[in-house]
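Right, one structure below, let's go through it.
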Amino acid sequence: MNRTVARVSAIDDVSFKIYEGESLGLVGESGCGKTTLGRCILHLIEPTDGEIIYNNKSLKSLNKKEMKDFRRQSSIIFQDPFLSLHPRMTVGEIIGEPHVIHGTARGKEKEKKITEWLQKVGLNPYHIYRYPHQFSGGQKQRIGIARAMILNPKFVIADEPVAALDVSVRASIINLMKTFQKQYNITILFISHDIAVVRQICNRIIVMYLGKIFETAKVPELFDEPLHPYTKALLSSVPIPDPDVKKERIILEGDVPTPINPPTGCRFHPRCFERMPICSEVEPKKIEINENHSVFCHLYK
Amino acid sequence: MENKKGNAHEKIIEKRVSYYYTVLKRFLKHGPGMFGLIVIMITLLLAIFADDIAPFDPYELNPRNRFQAPDRVHLMGTDNLGCDILSRIIYGARYSMIISISVVIISMTIGVTLGLISGYYGGFVDEIVTRATDAFMAVPSFFIYITALSMWDVRGIWTITLIMGIMMWPTFAKVVRSEVLSLKQRPYVEAGKSMGASDVRLIMRYILPNLFGSITIISSFRMAAAILTETGLNFIGLGDPTICSWGSMITRAHRSGAQLTFWWATLFPGLAITIVTWAFNLFGDGLRDALDIKTVT
Amino acid sequence: MRIKNLSTSYFTDDGIVKAVYDVSLDLSAGQTIGIVGESGCGKSTLGKSIMRLIRPPGKITNGEIIFNHQDILKMDEKKIREIRGGDIAMIFQDPMSSLNPVFTIGSQIGETIKLHQKIKNKHELEEKVVAILEKVGISDALRRLSEYPHQFSGGMRQRVMIAMALSCNPKFLIADEPTTSLDVTIQAQILDLIGNLKKEFNSAIMLITHNIAVVAEFCDYVAVMYAGKIIEYSNTHNIFKNPKHPYTRAILGSLPRIDSTLEELTTIPGIVPSLINLPAGCVFNPRCSEKITICSEINPKYVEIEPEHYTSCHLYKEIKE
């Protein structure tokens, strides 16, 4: 017997495109739905409504074989380096797993590919016999990246890949991912709450809030000319490691609301410093400012 | 490239430090657990080499030697039918081991399979299995034993084993199911799924290996329970009278009516049962401590 | 407050972990100091040492902490308890684990006030609690007195923690990663709040964080820690504009910034050393890109190389008086 206690709408009516070869950043704070969105795109969670269309085919309509093929061409890098690696498998087995699942390489050939990728991510070939717990956080994340890359995927989702790492280690992982993206021309969806990191890797960014998209723009433009009040507040909240930069801090009132009972109209209106009466009643529609920049806000026409 | 720089300064761990190795080391340090293991090993040895170790034929009736107190010939004395108690204890170990191992194998197979399926797939199957588990656990097991064994005329040891096996699966199923539910959420299982692994592979390769620890622990406790249950069944007359299990030894001594003066006939089997069940419990405890996830991984 | 040659170690089965080694700092009323470093550098242990919250197998092995003309490390338990929460207060990273889930917010703050200000009157106590809650920006304070921690959001709980810390007008506040688990817009709120309260109460604040960008705006002085030692200390301007120690420079170069896209971020090869087996010579030498021969042999002294700028590195010379 099932009883619906509450409807938590993690993502609400979100539509966007990811272009081949681009590096798209998905930014937002807790509760904005970015993680859920990432899982939906890879069909790890089934969306309640709507479709994910890949190569002109809806993911829902794929049969088993086609789905497996999709999984071969896509991969995900997780946030938690510790728990995303099977603790009982050796590093070699973990990285080689995609080949085993898809039967694309066996024996010596498989081992060769594994050691190849181990070296590409900056680890040593003899590490294949070690277990995950013998490595540091940064190294574990490299293993995760090798695993995600070994089948030369076309599409990679990186879900907060550096959030759990120390500052000095983050830089090397970010550099690594940038190199791979250029080298192998992969389409990346980079999910993060840290907009500074996203700036380093992505060429286009989507800003989300409470299950909705608020603004989409190409990278320099979003930072130079943010349109949505939330984007402005978000950018102004990020501390800059330079004591001489005097910032006009926009301090938002209130807390990040929960997705359980979202505000009416524009979901940001209770905290918006530029709100108008219409904002609490009508949800803003998408306004395309130019071909690279669109925003969901009543302030614009 | 980063290759060289990264490695020159890593702390190189020489040994192949696998998870099981770490667990083994921890277990070896656990006093009570080791004691349990040693006792179990001794019991196993007795069971396997009973033919060579036992001084007498356990079934050899010797009316002239009845009720003999322990002496140099019969180290544990004889029972009311003249059989040497020591030999019966040794052969009894064989029966205890066979019974408990068989019971555990049967209940483990049923319980783990059901637990895996219901935990992993959820939904309708899960509902049915959970209800069944609750139902089995709610009914006092001895009721079932009495009913089932009374209906069946065959009073053999295998009937008893089979029924015990069928009664004991809920413990496995319940624990396995709840562990599967939490393991399902682990990122590395999600990783496997995102790579395209089939359900079967995810269950067998990703989830099941994490359950070995719990399954072994439960098995240990269940083996203790099986021995005790068999003793209990024997006592109420539902056991197999033809074999010399420790339970039947106690029953036989009890039936003779002379327990108090005849202390060796109940003491030794009683001690055997107590020590061995205790050993299984200690072994289970030791394993549980050694496998404590927080400190191992 | 003056901290002199403080050392804290943990005595474990695997060896002695020198969590904090030979740390010296000064702090005056109204000043903020940022203690910056990565995980395992000892910054949290430093904070806890000042509050004498180190439990076995940890032990403060050396040093003095002079506060109000008395050495904290030599005080007896009773005196320390009076100071803790009173003159010196601490805010922790995870408010959920520092707040007792089975007591109401009102009773927890009330307890702190009762202990230190010795107020017995229930009514007066309640008034004070409401006042402090409002001060930290929790609206509808009277109603929220009877709510439990889990009914508050992360940002709110952190405000409650700050309320508890400030309830007795501390002279010195230690904030250990107060905003790490919060969203960035909430982090801005909390830092803003702490800044305002600092001005009002004129407390000295020690902000412990791994996020060096935060200290740029918030702190007057910065101490950079690595493997238990302070490797550079100066005022904020010097640290960011004129960093001397190679580690500080590398960290600053590795930060992703929102005001520019860098071709490649500076990386530091290798990993943080184990605090049980520290490298010979300078603790940073195995990973240092500017090292010279002496670095792997002798531990550099912590000296003043420019006015108000200290570091421990063989590349620099102590200024002559």
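Order of writing sets the chain letters: A, B and C. Residues in each chain are counted from 1.
Simple rule for what comes next: contacts are C-beta pairs under 8 Å (C-beta built on N, C-alpha and C of every residue); 3 or more make two chains touch, one makes a residue touch a chain.
Everything numeric in this text was worked out from a predicted model, so none of it was measured.
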> If we look at chain B and chain C, which chains touch each of them?
Replying inline: A
> Nearest chain to the global Cα centroid?
Replying inline: A
>> Let me check something: if the centre of a chain is the mean of its CA atoms, which chain is farthest from chain B?
In response: C
>> Centroid of chain B to centroid of chain C, CA atoms only: how many Å?
In response: 53
> Whole-Å distance, chain A centre to chain B centre, using C-alpha means?
Replying inline: 48
> Which integer distance in Å separates the CA centroid of chain A from that of chain C?
Replying inline: 32
> Residues of chain A touching 2+ other chains?
Replying inline: 139, 172
>> Touching at least two other chains at once: which residues of chain B meet that condition?
In response: 2, 6
> Which parts of chain C, given as residue numbers and ranges, touch two or more other chains?
Replying inline: 267, 271
> Touching chain A in the complex: which residues of chain C?
Replying inline: 38-39, 153, 155-156, 183-189, 192, 210-214, 216-217, 236-237, 240-241, 250-259, 261-262, 264-268, 271-272
> What residues of chain A sit close enough to touch chain C in their complex?
Replying inline: 29-30, 136, 138-139, 166-172, 174-175, 178, 193-197, 199-200, 219-220, 223, 233-245, 247, 249, 251-252, 255-256
> Can you list the chain A residues touching chain B in their complex?
Replying inline: 42, 44, 67-68, 70-72, 74-76, 78-80, 83-88, 97-98, 101-102, 119, 122-124, 129-131, 133-134, 139, 144, 147, 172, 176
>> For the complex, give me every residue of chain B touching chain A.
In response: 1-3, 6-7, 13, 16-19, 186-188, 190-198, 201, 206, 209-210, 297
